[in-house]
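Before anything else, here is the set of structures, which you'll find just below.
Across the two complexes that follow, subunit A remains constant while its partner is subunit B and subsequently subunit C.
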Partner chain A sequence: MDTSSHMARAQWMSLLAQAEAAELAAAMDAFAPPADATWLRPAQTGLYMLRGRIGGTGPQFNVGEVTVTRCSVQIGERIGHAWVRGGNARHAELAACADALLQDADQHPKLHEQVLEPLRHSQQARREAASRKAAASKVEFFTVVRGE
Partner chain B sequence: MYVAVKGGEQAIARSLELLAEARRGDPATAELELAQIRQQLRLGVARVMQEGSLYDEELAALAIRQAAGDMLEAIFLLRAYRTTLPRFGYTEALDTTRMRVRRRISGTFKDVPGGQVLGPTYDYTQRLLEFGPTVPIATVEAEVPLAEAMPRVLDLLDAEALIERIDAGADPEPVDLTRKPLMFPANRATRLQNLSRGDEGFLLGMAYSTQRGYAESHPFAGEIRMGEVDVLVCPEELGFAIEIGSITLTECQMINQFHGGNGVPPQFTRGYGLGMGESERKAMSMALVDRALRCDELGEPAYAPAQNQEFVLSHSDNVEASGFVQHLKLPHYVDFQAELSLLRTLSAQHVRHASDRHQAVPEQALEESQA
Partner chain C sequence: MLAAFADPVFDSQRNFRELLQAMARPAVPRELPNLPPAPVPIIPAAMAILMTLCDATTAVWLQQPNDETTCHLRFHAGTRLVDDPRDADFALITDPESMPPLDTFAQGEMRYPDRSASLIVQVPDLRAHAGAYFAGPGIRQTAQLAIDGLPQRFWQQRAAIATRLPLGIDLFFVAAQRMVALPRTTRLLES
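Presenting the complex of A and B:
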């Protein structure tokens, strides 16, 4: 794959991982893994050490760990991977299947339309609602002018 | 001499049953669901994740329920569990500049670019107990969402060169305290990993001591921000970075006085705190202690406990501290028998000497009077 398709794949893998598990399950309902799907790596939960930066932008330090579930599936010629925060095996499996199917040029448009787009919209809506709620608690200072 | 070391199995089994019964409470009352703990006790969940050093709300909620709300016990459970999981690797550095902010305040500038956003906080509550059921609240949404990436308050000072610069430099690989033991002197990255999982109460006390004059450094809360940050990993199988989800973080940037010297102009210095979930008190305490521990680097006189890395870092971990304090409950029968028999011997000697002296005194007095 060239760089641009790397970027595209990174974007869809990110979107699948960031999705609400229930929403992903609903969206993937129509894309059950075919009978020839081989689980190269069954879902496994492990740890990544979170790295922060001193002062937010300085040298790195270890913040603590985070649970991550990963798995790999082969569907036809394509190998799909997933790394998803948390311990939800089903989420990782669905994301890996979607990743494999999205690499297939024939399947891609359908998944893009029925899985990625709805997930992207709901992610945007979720984030915007949270941001608007926070913005509602923004302080507006009123300055009293003293003297004339 | 041998003493009985076996026995008590049955008593232990009964004790575990009593514990289970006490934990569950009245069976007529519904058992707590993990979703209830995760949502309605989210600050407790944040603390257990932070000090358990494992970001997983589900596991933290499970630990809290199993520990009957004893946070230190829950933290211990989470720490123990994480040792059973394989380590996949290290994440890319978290970019808190791109945090999707839900709260962001500054104690140093009223009009900060991006504004002061209060978010969910207990700061403005009356601290009065609210009897009666909680009423569902309809929250308001502003017309305009917040800026995608909030500018950093400390950058305002940085633009005028009034605060120390901080950049990644050569971006050295930090020591990982889950892999290597703590060695002294510890560099700042190592200290921050220790403080990050350190006990909130201990760090709060240490931070308070610096404010009360033990290593006073005139702190200001330059910026506190809380919100969601993307977690990215770069697995070998892919060769490029992907997001695996988001986590909630609280970041505190303290601004402290520094008088300069050795060619360094007088400028503000920084203390840094970062906590999992909504953990403002912890992040602020961590930032104050981080700054106090920089005394050597900044050439400040070190006399206070909060400036002593050996003292702070060796006693910050509540799993270790709790273990060592509570190990006193373990059988020390032989140790204590030895102490007891030594004390009996000394006591007997004391009595003997006292009676010897009692007899000796009149003779001495007689000699003196004759002299």
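Presenting the complex of A and C:
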């Protein structure tokens, strides 16, 4: 696997993980886990320690713990993994299934069109709505010249 | 790749209880309650012990490693796999006939006798009330146990190590679903 397809996989895994659980469930309705799916790691919820740097520089510190649900599934030869923020097991299972199916060149175009594209659009819409909301509350400070 | 325990927490806890009991009552075979699937050449009972006792902080040495078994252990248990048997906390012996001498493995230090290796040995069969007699802590008088498939030199090597107590090596033998423990304090009696 070359780097470009690694990148592509990282992007779709990120998209699946950040999708709304209900939207993902609706999009994946047509791609129910096939009978030969093996749940290598059934969905399990745990805590991850988030680390960060103030302003992106300086030493790392522990920001706090975040709930993460992970899941791994094998469909045919391909193994799909998912790590999803929160405790929604169904979300992690669907994301893992989608990851496994997306690695299959035959299924990829169909999933890309019916799952990834709608999720990408709604993610973009959510981002735009959030930034519009933020922009509307922007306050301009004008410096009043004092004295003289 | 294969799955591991269906219920990782409770299955490994149930197995852990049996392993404790087996160590407390040496030379008495017990059944492991939960067996996960295992790739060849590892049998499910041996995999159950590895999945129960090993994680990212333990070094595991496999006698016959292959891609599937190393992937399986790394994925499910996150174990560190080592190439040198001297570095192992746990060693899995899948072919006792060709196993390295027992004194290859770590036997601990005088200050820290716990820094020794535990061996999991896959054998063809284990039978209670047959074969050799064993004695030691946890055994009322003697216990009789037959372990098949071990070379004669194995018992000579074990007797040689026994003089170094409290240093030594703890052993688990597995066959099918059954498991028996021989901690370093258990002696094989001369018949």
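Quick note on the criterion: the second predicted complex is superposed on the first by the 136 of 148 C-alpha atoms of A that agree within 3 Å, B and C clash if a C-alpha of one lies under 4 Å from a C-alpha of the other, contacts with A are read in each partner's own complex, and residues count from 1 in each chain.
Basically, a contact is a pair of C-beta atoms (placed from the backbone, for glycine too) under 8 Å apart; a residue touches a chain by one contact, two chains touch by 3 or more.
What you see is a predicted model, and the numbers here were worked out from it, not measured in a lab.
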Simultaneous placement of subunit C and subunit B on subunit A, clash or fit: fit
Arrangement angle, subunit B at one end, subunit C at the other, subunit A at the vertex (C-alpha, nearest 10°): 80
Which superposed partner A:A125 touches (first subunit B, second subunit C, both, neither): neither
Touched subunit A residues, subunit B compared with subunit C: B
First, second, both or neither for A:A30, with subunit B first and subunit C second: neither
Subunit B versus subunit C as contact partner of A:R53, first or second or both or neither: first
Which superposed partner A:Q44 touches (first subunit B, second subunit C, both, neither): both
Partner chain(s) touched by A:Q74 [first = subunit B, second = subunit C, both, neither]: second
Minimum C-alpha spacing, chains overlaid - subunit B and subunit C, in Å: 7
Shared subunit A contacts, counted only where both subunit B and subunit C touch the same residue: 44, 72
Subunit A partner contacts - residues on subunit B that touch it in the complex: 49-50, 53-56, 58-59, 82, 85-94, 96-97, 100-103, 110-111, 115-119, 139-146, 152, 154, 166-169, 171-174, 176-178, 188-190, 192-193, 196-197, 227-228, 230-231, 233, 235, 237-247, 251, 253, 270, 272, 274, 276
Subunit C to subunit A touching residues, read off their complex: 1-4, 6, 8, 75-76
Footprint of subunit C on subunit A - complex, ascending: 38-42, 44, 72, 74, 79
Contacting residues of subunit A [partner subunit B, same complex]: 6-7, 9-10, 13-14, 17-18, 44-68, 70, 72, 81, 83-87, 127-139, 141
